[in-house]
Every structure is written in structure tokens, then in C-alpha cells.
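Several structures are given next for inspection.
Two complexes come next, and they have one chain in common, chain A, joined by chain B in the first and chain C in the second.
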Partner chain A sequence: MALAPEEPELVQLLTPEGELVEHPDYRVDFSDEELRGLYRDLALVRRIDAEATALQRQGELGIWASLLGQEAAQIGSGRAMGPNDHVFPTYREHGVAWCRGVDPLNLLGLFRGVDMGGWDPEEHHFHLYTIVIGAQTLHAVGYAMGLQRDGMVGDGGPELTGAAVAYFGDGATSQGDVNEAFIWASVFQAPVVFFCQNNQWAISEPLERQTRIPLYQRASGFGFPGVRVDGNDVLATYAVTQAALARAREGSGPTFIEAYTYRMGAHTTSDDPTRYRIAAEVEAWKLKDPIERLRSFLIRTGKADQDWFEALEEESNQLAKHIRAGCLDMPDPSPMTMFDHVYVDPHKPLANQREQFAAYLASFESTSEEHS
Partner chain B sequence: MARRQFKLPDVGEGLTEGEILQWFVQVGDRVTTNQTLVEIETAKAAVELPSPYEGEVVELLAAVGDVIDVGAPIITIETEPDGAPSVPAPAAPSEPGAQAAQVGVAAAMGGADPEIAAGLIGGEAPGGRTAVLVGYGPRTTTAKRRPRRAVHESGHRPTPAPDPASEVLGGPLGTEGVKPTRYAGVEFGRLIEARESAHGGESVPARTIGVDEQGDAGRVTVLAKPPVRKLAKDMGVDLRSVTPTGPGGTITRADVAAAAGPAAVSLAGESRSSTAREERIAVKGVRKMTAQAMVASAFTAPHVTEFLTVDATRTMDFVEQLKRHPSMQGLKISPLLVVAKAVCLAARNTPEANATWDEAAQEIVLKRYVNLGIAAATPRGLLVPNIKDADSMSWPEMAVALNQLSATAREGRTSPADMAAGTITITNVGVFGVDSGTPIINPGESAILAFGAIRPMPWVVDGQIVPRQICTLALSFDHRIVDGATGSRFLVDVGRVIEDPITALIL
Partner chain C sequence: MSTIDAPGGTRLMGFGEALNDALDVALQIDPTVVLLGEDIDDESTGGNFKITAGLSTKHGDHRVRTTPISEQAIVGAAIGGALGGLRPVAEIMFVDFLAVAMDQIVNHAARLRYMSGGKTPVPITIRTASAGGQGFGGQHSGMLESWFTHVPGLKVVVPASADDAKGLLLSSIFDPDPVLFIESSRLYFGNMAFGEPGGDPRRLHVEVPLGDYRVPLGKARIRREGDAVTLVTYGRQVDDATKVADRLAEEGISVELIDLRSLVPLDLETVLASAAKTRRVVIFQEAVTRSGFGGELAARITEELFDTLEVPVRRLGAPNTPVPYAANLETAYQPSAEALAAEVRETVERKARAS
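Entry: the complex of A and B
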């Protein structure tokens, strides 16, 4: 099933061999520099992911959810967003976080257990990671309905209007929350894009245990359009997301995007995929690698030369070193910080608790740091 | 010179140990950051660990096959092998450095390589570490309370809310100086008589277990922490019979162990919770994998087992001839070699026995090659490594492959790759001295052959009863793929080769 051939309705602009192809409804118009920029995003995000995985294996992170194989789905959709579009991610959207300007070290901090994420969702228009499967789709629809009520929907263009983008996976489509989110979004014509990365595996459950029909076809039952895009094609993902966002912002309602991709690695570092899927499947998807196809396109068309790739490799190495050093240098949190971001406005009971806890900590002869 | 030790990390949320499968580096090797050092197997997965340091390998602290606790060092790396002046920890690049400072929170502490901090969870769990659902698990070191300040400068020290029960029962501590505690409605550590008389019997009478006056009639004189009580229960020790040596007259683990006698003492320290009459062994690692694989196979593939008893005398003669053959010098030759050949040949005639049921695709995948699995009892448990493309091997090649396979398994070096992608399996139960069995198919395959012991038995040859070397073959097959006729043909083909190895030339 996971090896199903590309079906005719799959939107693709760049083939796995790196050839541009035409599509009647979707096209992109990128400068050479923008194309190189997309490649740089893909390569650096993969490197961040690899370094984080290694750090987990060295005991520096409690766990890590790798995005390996899903870079194009995330970079393509992330780069299609405007300044007011607001992302509601799962815990694997490291590439989207990158596009929204979130420091990768913030992501590592969460998985190292020193904080709960630590970035400002308002500043980056990127919500905190959501571990509960599918819950963020309801948050996204609520946010989108808020945009409607704030007058952020209409023909003002991306600068004056906005949409919410809910990320989730193929497994999440079986969740009640997600189906409720579809219904609310549909009934209220909420400006939301449901971006489903169908990576074929919900931990160890294959797609055929989630659905009898292609996932994107479910959207029509809820009353909004669905489209399947080659999630390993950064250009097609960009084009499809851009169109869905434009539709949402102008008030035409939600779109379901099924980015057809593959989780090349384990579900998380705690998982061993060799126990439930065959190597041949992984090998087949390697041939559809999202980065290799853009690389061969850039080389063949002369849009990037060897020097450029080498410079990027060096930048990538520096970034990895920065990530490693930054991760190892992260301070353990002070117990008092637990009171800092619970409520927007301080109030008396919280202040009392903080005071009591401070007194309790002060009752010891040494700090816990000194003691260790 | 700066030597760093890499401690076995918890690679899978709550693991407590890992087994060293293979080292990819040796002492003296130069390694770079993130270079793969070692492959370990945990209860969850076989995992390669990348090096956290750059430098030269000074010492490997664990051998292949060792089971190492999470947190124990496994390798020492000299990070300045040339004696270069101390290089500061990798400096953060200048421009993103500012961003790094935003991450995290106040209070600087720790580093990449923290000392083992005092444990907060656990206490005296049997066998030290306890597996937990998530996180890193309790430390094995003994928890130490941080000392409280003698005087409260702040005056803010919170006073615990008064416990109504202790109010009722309030008063000075018992003369033994043991602080009383309440547990499940029972007060421990104080005499109660005074209490009852003081309250004129109006309070809820609390039963008390005191620490004094051993053997006083009607009073149980036991003070022990719950884990010690559990240990005593597991070991079948009556706590009333134990002489306490702990503080305040409490019974310690050592007291329980001593009371149980020398035989039980050794049990107390092991990660098995056991009693004299029963032993409990945690299901993990290979045992767990085996269990899962066997359950999966037994309850998805409808098994049919057929038996065939054959005269293996000619096979035994043939093995003797092979042993003397120049191409087989230095190799251990057994009848298993003939069976292995026979299975490969029979699979060519009956590919259904060398096939996979693809549930998802609703297809049967017939393999045009044989990756011949050999079930092996190893120190790690039952493993089924396979010989890749066994069907294309000559007799000497097959003999070498079987020798290597068993040597690798015996040394515990069988890698996951060795066990992957098998197509059919032989289980040589004969080496255990039994005649036959009903083997369970290795998941993903369609048949398994059990090869029983070869022993002299009366046999009818040309109407005469003569002693022959007799052996029983049992073939279990997946009836979704293999029908009775097909399975029988396969089994008979194998039997023909064993009855007369020359058949191998014409099959």
C-alpha cells in the first residue's frame, strides 16, 4: 500500500528525477536565488535533524522526533505562508519552525526537558508543539474563527488578512478532534488550511489501517476541497499551500492538503521501524528523496555550481556545531521558573504559592546545584 | 590530556540497560564527533551510538555480549590525543550565540557530563534500578536528603497543615525516640496505651506496633519499610522472627537476607523477584522478541505439521565421506549440511514453502532464492540467523556458511542483518536428543523443518528387519500458502535426499 504508484491526481511539479513538469492548476515562478534558498532550507533542516538525533543517542536529549524525508512538505508549506498566517504544529514540524524563524535550539530545549518550548508563538506565528495527537486542529479552527471576527478575512492580500494552518499526520485523521475540527471549519467557512503529512505510518500502523480511500477524498464529505500533493516535491507543496492559503484568506473556507510523503526514519528515537516495515519500502522511497531531486535540478540547469554546494556544506557543518554546543550549554531550569508563564496576569494565589515555594527552597543549607 | 568517558545513554525513554552487539572502533582509533562507535540492543531496538567526542579511543569498557546499565561508562576517549594545550569547549559561533542565550532559563548548572545526582525516586527497590514508564529512571545511588538550615532566617518556612489524626493522638514522642507515623489507619512506632487512657477511650482506637519488649504477648514487634516488607514476603521470611539492626530498631534488607539464610541471600541481590518455590524472570530482550514473534506467527499463520520418518544411514555414510574430502578440511561437518542442501533443493521444486504471505497486498510472494534460517540456541536466547542465497551454494560453500553461522551465534555476535529477510528455516532439535516436534514458523516465512535426532532403530529393508540410522522430519507450513499436497511434496523431497544424498544430483 505504501508503495502505491503515484496516482493521476497527485500534484507534482518536480519529478523524483529532478525534471520540471507542467500542471494545469498549479505553477511556481521562482528566481534562481529563491530556488537555491529552498534547497538551503531543505539541507539545513535535515542537518539540524541529524544532529538532534545524534545528540539523543548520546544521552543529551530525552527523545527526538525526526522529520527525515518530510523536509519538502514542511519547507514548501512553511515558505508559502504570509506574515499573518498562524501555524499549529505537531511535535515534528522542525522545518516549518525553521521557516517561521524559531531558533532550532528552542526545539532542542523542549526535547532536552529544560523548558516547554520557550519561543513566543505570537512573535513567530508558530504555536507551541502539541504532543496530543490532533488536538491542535481544533485550536487552529478556533484561531481561524477569531481571524474572521477580527476582520482579517477578505481581499486585502497576505499583508492584511491571515489564515491558520493545522499540521497533522495520517494517523491523526482517525482522531475525533480532527473530524470535529473539519466540521467546524466547514460550517463556519473558517480560514484554515488542514495540512496533513501522510508519511504512511502512524508509529507502526500502516495507512491502510487508517482509511479505505485516499485521505484527501475525505474532505469532500465534510464540504471543502481536498488535494493530494507530492509531499517530497518542494515546488508543488509550495504552490498547493499558497493556493489554499489564498482561498482561506479571501473567505472561501478551508482546504485539506494531503502531502504524500514518507517517514524515512523512526517515529521517534524510541521506536525501531525495522520491526514492522520492510527495508524494500524504505529503499523505494529513497529514490523519491525530496532534497536529491532539487539538487539534480539545480545542477542540471546550472542554477547552482559546485562551489555553492560546498559553501552550503560548510554552513551546514557550522550550524551543526552551533546546535551541539548550544544544546550542551543549556542550563537546567531553576525551580522558580515554573511560576513564570502560567498566567498572563499575576494574581494573589499564584503569588502566595511562589512565595511559599521560594521559602521552602531557602530552607535548605545548599542549593540543589551545590548538593550535586 | 583530557579523557572523557561516554556513558550508556537511555536511547528509548525509560530503558535501564543495553547489550553491546558490536564495536565499530578499537583502542587506538581516531574518532570524530558523531562517528558510529558501537551497536547496542535494548529492550526496544538495536541502535547505533554516535561518538559525542572527537579524539582517540583509549579503552573499551564493555565487551561484546555484555549487558550494561544505563549510565555506566562504555568507552574512554582521549580528546587531546596529541597532548595539545587544552582546547576550550566548542565555542558557540558568534552570530547565533546571542540566540542561544535566549534558550532555556536562569540558574546555570551542569554541563554535558554531569555527575550522578542524588536520586529522588526509588529508595530501596529490589535489585537497585527500577524500570519506569518514561524518563531516565531512578539513579542507583542512594538518595541523600539535603540538610535543612538550622534557623529560618526568612521565617517563611511553610508549616505543614495539622493532620487531624495526629492532633488527636498528639503528645511527646515515644521514649524510643522513633517518630510515629500513620499508615493505613495503623500507627507505627509508639506505645498506644497512654494515648487511650488519656482520651478516656473516646478517640478512635488505633492499633500500634511498637518497637519495645520483644515477644510481649499480643503485640507485633515489627518495624520495617514497605520495600523491606515486600522483600521479606518474597523471600518467605516472617518479619517477627528477624532481629532488627537498623536505626530505631527497624529491620533492614540485610536483616531479612540474613534471616533467610545463605541460599536466599544471593537471590536478594538479583533483578529477579523470587521466592524459594517460585522464580520470576523479567521478560525482555531476546526472550521478549521471541515471544512476540511466536505469538504473531502462531495466531496469524494457520499451522499444519506433517511428519516423515526416514532412513538416514546413507546420509551418515556420506557425511563421513565428506569429512575426509580435501575441500572440507578444517570444517565441522554434520548431517545438518545434507538437510540444508535438501531444503534448498526441495524449495526449488515447491516454491510455496519458500514464500511470504503479503496481507496488505493480498498476494503470495514466491522467493526465487533461499535465505536459509537456522534456529540457534545462543547465550542470548533463541536466534534465527540465515544463510543468504543458500540455494546457490556448493557443498563446501554451504559447509563454510553453516560453520560461520554457528560460530557467530555462539559468540553472541549475530547481527540484526544476519537475522533479517529469512525465507525458510531449519530447527535442529535432534541436537537436544529429541525425535521431533511441531515447530512454529518464523514470521514472514511459510515453512519450518524440524530435524530430529538420528539414532539406530529397527527398520524393514527388503522384508528383513535390520538396524538402520533413523530420523524423523517434521514440517510445519502456513496453510494459507501451502496445501497438504504441496507441503507433502516438499517434505518427501527433503526425505529423499536424506535417504539417498545422491538424489541431490538429480532433484
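Entry: the complex of A and C
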């Protein structure tokens, strides 16, 4: 069986050892402050993830889908976006949500089961988490076609133009929807960036169960460029996404980005990866950690000192505290809200059911009053 | 029974022409309306049934977009457009192909607004054609409305005449929720359905108001008043039911004929008022009887009027088989006017239960 090459040809600007490397097509030009900002994003998002995992283990969340190991892919791509770019995420894009200004507590609300996504997608340009694998790629294409129709493609830069960014994983590339999204985006030259985080595993299915060629090579068959980037390299991910977004916004059509990364944890807290993958593989990927490499770089080049890291650690502790307290404080929704937002206009049968349910609930109150 | 308020005048139109007119009006009055579907622009065919003919020429192919052959993507992209502020109208060539797009319709179009706490409405309209009774075979002839009436968040509209087709389609397009709009392709052809050569192609033409004419969703139409029995139906069955009601009137049986127009929202009040008056109800549907919408309707009527009804609510629909292909089999399969007449007669003549 032909497998994806062991050492993939990928765009890299920062090695696992924290050394900057040149690439003929991609470069970044960050100030020291911006570099520290990226590190802060990575560290805080990892902390949010760790707190959420702990909260699940303590019974405070029903489930959590950890992004551990994929922080750079998400922060690099998320920070490359402009104000009009609109994200269609899976359920693991906590880092992208962070970049789009979504309060982490909104994410926890979903996983705690008090709502199905409490943020405003329009305000943050960040759609609800999509649970059905790959379905959001079609929404991204439709949204992008709308941007075309609205004249938001062409010259003008990120302030006046926009693109849709569809996130999905390696497993989703086997879905019909995703392949249809590729075809439509190509045929209509829609301003879409297909951002695939290839984290090597779709629950328990390894990459070779989804593909016999490197995923990014599929793009050429659909008629647009595909590029594989080191998804654990925040700088390279930023550069590649920025270029793809610029290309989409100016009207040159879609790009497929394969962010080559690794799901360090379980698929979700309901999963036990030790049942299907070997520890050595995980150990090998630990050496490519997305945060450690930037830390080494910042320290070695003197762009951040010990005081700065300590201050960040304190900020991280405060954030964790905010998350834990906020999570425990989340009220359960009122039972009557079950009937809200099914239809925009008044809907009589639903109104009747709501009335019946209200009377049913009220019957308990009168019973308890009688007994008190 | 209703008179049409048409200050802008009317024109005699067939069913397909009225739909085309509705789409034309929608495109004209609202720049956010866009059409997506297979073969729908004029460079293609103007639509498989020519319902969109002329619209891309008039409004531009950026608004009337012929798409790749992917039903799931037609609905999915319509949803994405709606999330960005458009009012997309998606055309799915046959009802049966909705099965291909089921995830996008059920999991996304119907539920996104609810799941977002009201923040992401999905005002799309999915137009599709049912084509039973025309020799189109097992995968082009279904009537699957009850799959969708079961899904909270969707509205389901089934017009029966040209004037309603226009008024209901415009209401659907401008409705804030996702609407499935099922058109009987047999009505497109007037009486010129396959297997019915020589009929008058203009038999089903009616005066249709010009301009932005809307018929509200959730308001049934009493097509004929009567007091002996209530006959409830929708879509192209209304035509057969009308003929049956006319014939039975000659026999002295007074049928009240209700055309539901939309199944969700359902005008239960009109149905119950009629059923309370006649105390006898027959439901007539094109679809397979088992788990069909008629069953839901029968249950609702019985729940409300068990003590008033003189006889059980009866349903007449198709047998519980796929739609057969051979002409003689398909003819036998379709719930016919003759069978309906017999069912109505039997319901009227049946001895009332002892109260």
C-alpha cells in the first residue's frame, strides 16, 4: 500500500528546534511584539483547552474536543484573517474562535450543554460549530458566492473585500459535501480558503484510511492550488493562510491548505486513543510541539525575557480562574426556552404546546405549595 | 370561494407560468433574491420544466445560477448565502432528489436558527417538482412531503392552482424561515400530462394577479362549500377532488372541499370547523398512505373532535409500495378520482356510531 511520504514536502518557516528558515514563496515580517502576541495566543489557547478538559473530567462539561497539538495551525490561520473574512468551523476550532474574539465561556456553554453556541456568528464572523462532518464547507462556498455577488471580491484589500474560510479535518475530505464544495468553489472561482487540519486521525481511523495521496495534492484535480504547511509552525501557517486569503479576496479563487499537524490528545474526552495508536508516534510528535519551538526562538533571540513569560503565566492563571468560575456559574436555561426560535413568525401548534408545557410545569408548583 | 384582490389586474396563466412570474417578481423587487439549480439559466434550458425560462436573461446569470450537478451543494450553498444575508431560492429537479440533500435540509436549514438562539435565520426556499403519474419511473415519481412535515423548523407548501402557486411562492421566498415548496409537474402541463394526449392544455389556467401578489402561508382554501362530508387534500389531488365533488353534487352529496395549501404551518382551525359541521372526513393524498401526512391530520382531527365525528376519519392514498413504472401499473397505483368518489360515498352513507 502506498502511504503518504514520511517526510512531507511542507512549507516551514520555524523549525521544531526554533530556528528560522527561509522559504522561496512565503515569509513573515513580524515585530517582536507581534511575535510575543502569537506566543501569548498559543499559550492561552492551550490553557483554555487544558481547563476545559479538566472541567469535563470533573463532570462540569458533558464532553470536550481538545485542540492539543493544533494550536499553531489555528492561531496562524486565525490571525491571518481580516475583518470581513468569515469562518465556518468544525467543533475543534477553539483557537480560531479565540482569534475571532469569541469568549471561551461561549465555547464551554456548548460543551456543558446549556446552549448550542451562544456567540453571535455575524458579530464575530465565526459561524456556529458544525457537528456533522464536512457540511460547513458548503455553507462557506455559498457565503463566498454571496461575497462575490455583493462585490466584495477584487481590489481593496482586507478592509473592503472578504473571503470565507472553511475548516475541516483529514477525515472530512472523504465526505461528499467537501468534494462538492471543492467543485463549486472551483467552478465559480469563489473566494474560499479550504483549511484542512490534517491531524492524522479521524477518531480511530488513520490518514491512510482516507487517502492514498497527500491531501493537498487533491486540489489540483479540482482545479485550484493546494499547499501543505507545517501546521505546528505558527509563522508558516500565518504566511500560507495570508497568501491564500489575499488570492481569494482578489478574485483568483480557492486554495486548499493542508496544515500538517497532530492530534496530541483524544478525539474527544469520550475517546481513548491508546486503544488504537502507539505511544511512540505521540512521543515523536511531542518533539515538534508548536509552542515550544516559538518559546525557544523568543528566548534565544532575546525577544522575550523571563519576566514576560512569568507575566503571561499569571495572565493564564487568571484566565483559567475566569473559565472555571464562569463555567460553574452558567445557569441552566429555563425549560420554556425549548420552544424559542423554531420559527420566526408565531406558530400556533407550537404556541399550544408551549402553553400545555407551562401548565404542566405550573402543576408541580401548586402541588408543592399544597404540601408545604 | 375567495375573491382575489388584484388592483394591478390579472392575467390568465397556467401553473408553470405563474411560478415563473412569481420568481420574476421576487428577483425584481429584492436584490438579495438569487436562484440556484441545475439547468436553470437560459444558456442551459431555462430549467428542466422551463420554470425559470427568461429569468437569467432578464436578471443576469449572477442571480440565476446554473450549478454543478450536486443537490447537497445546491441546498448547502443556499444556506451559506442565507447566512450572509441573501434570500436564495434553490431548485431541486425532482422531489426524489431531496434525499441527496437531506443532511443540509434537515440538520442545517431547519435547525441553524434554533441552535444559534435565533441569531442565524435561514430564509431559503427549496422548490422541487413531484412528478407522479407521468411514467417517470421509480426514482422520479415520489411524493415525500411527510418526511419534511416531521422536521421542526421547516415549512412545507404544496400549491394546487396557478394563482396559489404564485401567491404562495412569493410568500415562501419572503418568509423568514426555510420553506420546502413542492410543485406538481403534472400541473405544469395543464391537462397535457404524459398518458393524457389530447387534453385541453389550458384547462387549469386561471386568472392570476399581476405584481407582488401573496397568499399567506397557513391559510387553507375552501374550494367548495358543503355540509355532508369534509374532503381535505392538497397539491394536484385538488383537481381530482374538485371533479369528484362536482360529480357527487349531481348525486346529491354535498362535499366541502378544503385545499390545505401549506402543511406546515397547518390551518387546523379551518379543517376542524368544517369537520365539526359535517362530522365526516375523508383525507386524500398522492403519497403512500403509511406514515403519510394524512395520518397526522386524521389524528389531529380525531383528538379534537372524537365526540363529534359520526364515523371514523378515512384516508385515501397510494399503496405502500414504490411508484411502479409500467403505465398500467402506475395508473392503478395512483389514488384515483373513482376510488375517491367511492370512499366519499361510503363515508357519507356509513351509519353514524351510537353516541
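Note that in this section the second predicted complex is superposed on the first by the 330 of 372 C-alpha atoms of A that agree within 3 Å, B and C clash if a C-alpha of one lies under 4 Å from a C-alpha of the other, contacts with A are read in each partner's own complex, and residues count from 1 in each chain.
Following the convention adopted for this analysis, a contact is a pair of C-beta atoms (placed from the backbone, for glycine too) under 8 Å apart; a residue touches a chain by one contact, two chains touch by 3 or more.
Small disclaimer: the values here were computed from a predicted structure and weren't measured.
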Legend entry - Which superposed partner A:Glu365 touches (first chain B, second chain C, both, neither): first
Legend entry - Partner chain(s) touched by A:Asp115 [first = chain B, second = chain C, both, neither]: both
Inset, instruction - For A:Ile183, select first, second, both or neither according to whether it touches chain B, chain C, the two together, or no partner. - result: second
Legend entry - First, second, both or neither for A:Glu208, with chain B first and chain C second: first
Inset, instruction - Would you sort A:Glu250 into first (chain B), second (chain C), both or neither based on which partner it touches? - result: neither
Legend entry - Contact residues common to both interfaces of chain A (with chain B and with chain C): 115, 118
Inset, instruction - Name, in rising order, each residue of chain A that touches chain B in their complex. - result: 1, 51, 54, 56-60, 62-63, 103, 105-106, 108-109, 114-115, 118, 206, 208, 266, 269-272, 274-275, 279, 318, 321-322, 324-326, 328-334, 336-337, 355-356, 358-360, 362-366, 368-369, 371-372
Inset, instruction - Show which residues of chain A lie in contact with chain C when the two form their complex. - result: 86, 88, 115-118, 120-122, 127-128, 130, 132, 135, 137-150, 164, 176-177, 180-181, 183-184, 187-188, 340-345, 347-349
Legend entry - chain A-facing residues of chain C, complex: 34, 62-63, 65, 67-68, 70, 72-73, 75-86, 88, 103-104, 107-108, 112-121, 152-153, 155, 175-177, 218, 265-266, 268
Inset, instruction - Would you tell me which residues of chain B are touching chain A in their complex? - result: 6-13, 33-34, 44-52, 89-93, 96, 99-100, 102-112, 114-115, 117-118, 135-136, 144, 146-149, 152-154, 156-158, 360-361, 416, 420-421
